[in-house]
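Here the structure comes first, spelled out in structure tokens, and everything after it is commentary.
Letters A, B, C and D mark the chains as written, and numbering starts fresh at 1 in each.
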Amino acid sequence: MSSEFGKILRISVFGQSHGRAVGVNIDGLPAGEKIDLEELQRFLDRRRPGRSPLSTARRETDMPEFLSGLEDGETCGAPLCAVIWNSDQHSSDYAELRDKPRPGHADYTAAVKWDGHADMRGGGHFSGRLTAPLCIAGGIAKQILARRGIRVGAHLASVEQVQDIPFPPRPTGELFAALAAKPFPVLDDGAGEAMQAAILAAKNDLDSVGGVIECAAVGLPAGLGDPMFDGVENRLAAALFGIPAVKGVEFGEGFAAARLRGSENNDPFAVENGRIAAVTNHAGGVLGGISTGMPIVLRAAVKPTPSIGRPQKTVSLSRGENAELTIHGRHDPCIAHRAVPVVEAVTAAVLLDLLLEGNHGTF
Amino acid sequence: MSSEFGKILRISVFGQSHGRAVGVNIDGLPAGEKIDLEELQRFLDRRRPGRSPLSTARRETDMPEFLSGLEDGETCGAPLCAVIWNSDQHSSDYAELRDKPRPGHADYTAAVKWDGHADMRGGGHFSGRLTAPLCIAGGIAKQILARRGIRVGAHLASVEQVQDIPFPPRPTGELFAALAAKPFPVLDDGAGEAMQAAILAAKNDLDSVGGVIECAAVGLPAGLGDPMFDGVENRLAAALFGIPAVKGVEFGEGFAAARLRGSENNDPFAVENGRIAAVTNHAGGVLGGISTGMPIVLRAAVKPTPSIGRPQKTVSLSRGENAELTIHGRHDPCIAHRAVPVVEAVTAAVLLDLLLEGNHGTF
Amino acid sequence: MSSEFGKILRISVFGQSHGRAVGVNIDGLPAGEKIDLEELQRFLDRRRPGRSPLSTARRETDMPEFLSGLEDGETCGAPLCAVIWNSDQHSSDYAELRDKPRPGHADYTAAVKWDGHADMRGGGHFSGRLTAPLCIAGGIAKQILARRGIRVGAHLASVEQVQDIPFPPRPTGELFAALAAKPFPVLDDGAGEAMQAAILAAKNDLDSVGGVIECAAVGLPAGLGDPMFDGVENRLAAALFGIPAVKGVEFGEGFAAARLRGSENNDPFAVENGRIAAVTNHAGGVLGGISTGMPIVLRAAVKPTPSIGRPQKTVSLSRGENAELTIHGRHDPCIAHRAVPVVEAVTAAVLLDLLLEGNHGTF
Amino acid sequence: MSSEFGKILRISVFGQSHGRAVGVNIDGLPAGEKIDLEELQRFLDRRRPGRSPLSTARRETDMPEFLSGLEDGETCGAPLCAVIWNSDQHSSDYAELRDKPRPGHADYTAAVKWDGHADMRGGGHFSGRLTAPLCIAGGIAKQILARRGIRVGAHLASVEQVQDIPFPPRPTGELFAALAAKPFPVLDDGAGEAMQAAILAAKNDLDSVGGVIECAAVGLPAGLGDPMFDGVENRLAAALFGIPAVKGVEFGEGFAAARLRGSENNDPFAVENGRIAAVTNHAGGVLGGISTGMPIVLRAAVKPTPSIGRPQKTVSLSRGENAELTIHGRHDPCIAHRAVPVVEAVTAAVLLDLLLEGNHGTF
């Protein structure tokens, strides 16, 4: 287990889906930062389920309780620990699953790794519920970044075959705020309706769909990140692959860059209002691992929810023979839209860590 | 700078393109491992330029000299340091570039980070030449892994619009060996010819193209890697983004998974010859960050070479005004085919690190 | 802040003395380990105050509540988070201290570091109370180690000028158990009475005294630890200096070795019952950073409690002028005896981390 | 093996005593720092043997060759790798030692860890020769620190029973320079003569002696270091125990603090010239793991050289029986005086790392 990331800002996530609580310990937060708890709660509510037919009926209030590090609404330098108490679990739903690993879930690998001792009720520590404490950390990071003019936002770029329009070359904090206020986080609401239709179609087929999330950050200064293996891309990718179901991460043009020519993919530099900037941003704000000062742009691919209502082929671990499994209980036909704030959260946490480390290229 | 990666096995890369040498220090290699230097040289030769009209005319012999850690052809437990001496540099080619950052290169971000003090001759520490010492480390890791039945191989999955066929579900060490022996590393030689034609067409247009590399590893046991942020995917992605020009990394179906349904993307389990295995491998050998025992399958997107022969728009740093730049000197119209062994090298190094750490889920 | 240590086993401590709770998150515990909660409580009670005239009257029950990682009394592989809720604080005692840093405490350095934003009530995150969650982690580690035949024990080697006898060359688990059962942890109870008299004399003088703790571990296999900077001594020292008030750490003969001759300090090897062992143990079980298989023996120096009842010279931070300070409220005239289980705890946690990492010198 | 330390500044040491070279790779040096190579050579010469009857006759020139990171005498941001080529080894002296581990050396533990595969000629990677590359790193760090008004110096505080006078409360750069210029680094030359007599007496007895080194650093700002486990003391101790033969580390009063009362050991604060400072410095410049702005003062205990001319009892690993060993060849009767610049080097490297990380307590 290494449910931690970060260099100066260390974020440790704990808890199991059906345990006593899920939570996060954040070590290295700067002191004296006011945290707006209502704003934080609004951020947490964006990933909360139970609000639409698109997600599970599990009622999670996701209200954090702060055990340390926050006094009178302000960070105090000491590690900040916050928990969300669990409730409303239906653990009996998961009895059969101890023996029959669900395809696409970590049940089998967890069984191998912890030799049958893992608490896998509701997915245990692998559950999407662990993204709630990640959002506590990320929501706090977002507030601290915003105070320095750095804004992070994301939208659902695609679901199954349906595509949203991409971010404009220079997204703004206002655009991010507008997205955050939408019940379904897309730039083109028509595409959003088509996505929701695709999700419901999958649900009706007792199936599920995946999606791609595009995230951007504006206002980050140039010069952050250390090549070759401690750069902006290395750190973001390492953290983003920690979000359950993420199977791909790309920056700027990403995989599409492999189909472009150099003359198309290179970003010319120009002097704008006395400052040097790239005219385009195919690089997604990173060259040689170091931030260029342009928006950081990344995409994360989220696979379709492995829990589906159809019978699936698996094995019985105890009997060592083939078996069939039908997953009962609640599960989302798509988690990509709920993962949008999670990608924002992880991105914000990594960028705050980079900002705290600073540019020590000279001194 | 943090040109290091790894947890138990720590790999540190040093050197600049036109400095005295490039090299690698490998801390944490197990002792008593014989290293076949001829085999290592053959591996290094796979990334060496100067062998075809597709790559630069720079003559690099890329013969490593071992300074420590290898005695009588065997690792001795002490850190292994190896260097490749530089020669045949044309530094005068790069005089103009100190003032005019090349679009798509790290010149601008390096200038910001090191405030004009970076040695950027030939790309300096950002040069593709730094992948030679990475290949020393990876070539050694490949030999140690092979002795335990773990084989790593890669091919060029696409160049511009041309696609190679993907790896079969169960690639073998023999297939990897056959690929390694080819002058152009593709599964479908017809596709390979089309790729080479695309590269030469770009060269004739004073332009460049990118590509995608698919890499696989077979024989890795199930249970390696630690969720959530220290798993197989997190570590591989963090290291792979350290290869110059990589802009995207995906595992298994990767971004394509976002277009599949759960019923298509889930890998059913079955008992095969008394052992549990997944029937398909859309997960690319990783579930919940932990290896499944199936082949690890990943793809890395390599952007088109930023150095192109056409005039490009940039700025003069000294005069703070717009400028035009034409890059002279040698450069590859495509680096993706030469990056194939580099992706293998980095993958092998990360997998050996995971194997050395072992599965400490129970004990 | 970096209230974390460990490589495979990551221990993160959080909480402030007068905050909501103090706690610990332990990431990387092996799964399937039964934890005897009564034994753990007995271990925690050894550092608890309020039991004698030698320590503060603060009533701390120090009962941990487990939020994650422990199901049905057994570790489950997921991070284990445990908290101790705070109560019985007298925060009003500390109002004056915000302005007048207490000599010998971290008040001044915390004021500089967090620019006045630190929560220093009761010492905040620097309080000795933070050793309670350390003891949760260490108590769990001790149980896991004991199951593998590795025992850790400690005694108070000196208080002011009074010396206990040192550990015998081959201390046993029985000796450690006998020490743990004593109200005052010394080998020679006569020395213990003299120590307690010295503590009470200091208390009567409105003063305080320090002491030295000797800790040993038996049963650790040879071959653990990695030279030069990741060895048994490096890791233990780095962690032990995290215990508040520790100002020195030594192994084996330690500083006394500097007064010995090589012929006296070297430990001859001999074959005993077919096994190779050192005849003496001046090295304290470590040579070249690697465990020898002999008992690990270390000593940690604990400074006298900085909180004393006498008026002390300090400054007023707000007025920038000299000031006098008299500390009211509860404080221990000596903390060294209460630090004995803390040194055991930290030692056990580091040794378990080393054991989990294992000897990867060959494979 | 983990012959690395540092967080922002990563220092990796490689090489074996009788291998091709010893060297160091320094990742994270700020760019644009001029390195005075003559000054560096003078620093390296302070640890070089072969200059007096007190040390081995091995002729080491210890001239570093820079492979990367240093261009035109200035750091360029890229990792700096420097090597010292080995020569004048008498490997035949060590043939017998493969089978008979020398008491007090790492021969036995290395044999266990690397299962007979370690290159232990001349002590291999455990040799004191590895302190030469450490001094390259530390000598560079010292120059960078000096440019910011931070000076590091050390003297031999004791040899066997002979004591030097301690550093004054406020040592200066001039004092450090005077010490560095002395052939025998003590404050009281009379004590120095007695120390040299003790060393020669031991040599005449075919024996060896140890010593204690006191090191101080002045000019470090307050507020550096992160409690609880990443503070100034934790990091210095972890690195200092990496110097071969160091068995104890203490700060300020260190172990002596355990014999003081709180009223004696506490450092009162006072306003001096408008600045807050401690009147005394029993804390050695660190409170709560954070620098106070007062001099950092530490002591490291160096054990007597394990190599002595007398016959010693050991075992034959191959025959599994008791054996006698007489070490021939060259060896120092005392290494403590040569370790003085090494302690400075490691201290300087750690302090530069702390300074580069900076105080991110607020931002």
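Operating definition for what follows: a residue touches a chain if its C-beta (ideal position, glycine included) is under 8 Å from a C-beta of that chain, and two chains touch if they have at least 3 such contacts.
Quick caveat, the model's predicted, so the values are computed rather than measured.
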Legend entry - Comparison of A-C and A-B (more C-beta pairs in contact): A-B
Legend entry - Distance between the centres, which are taken as Cα means, of chain B and chain A, whole angstrom: 27
Legend entry - Euclidean distance of C-alpha centroids - chain A vs chain D, Å: 45
Inset, instruction - Please report how many Å separate the Cα centroid of chain A from that of chain C, as a whole number. - result: 38
Inset, instruction - At least two other chains touched by the same residue of chain C: list those residues. - result: 1-4, 13, 28, 31-32, 77, 110, 113-115, 117, 125, 226, 361-362
Inset, instruction - If every chain is a node and every touching pair an edge, decide which shape results: line, ring, star, complete or other. - result: complete
Legend entry - Residues of chain C that touch chain B when the two form their complex: 7-8, 28, 30-32, 77, 226, 355-358, 360-363
Legend entry - chain C-facing residues of chain A, complex: 1-4, 10, 12-16, 19-23, 25, 27-29, 31-32, 65-69, 71, 74-81, 83, 110, 113-119, 124-125
Inset, instruction - Please name which positions on chain D make contact with chain C in the complex. - result: 1-5, 13, 101, 103-106, 108-110, 112-115, 117, 125-126, 130, 158-161, 202, 205, 207-212, 222-223, 226-231, 233-235, 237-239, 241-244, 247-255, 257-271, 274, 276, 278-279, 283-284, 287-293, 299, 301-308, 310, 312-315, 317, 320-322, 336, 359, 361-362
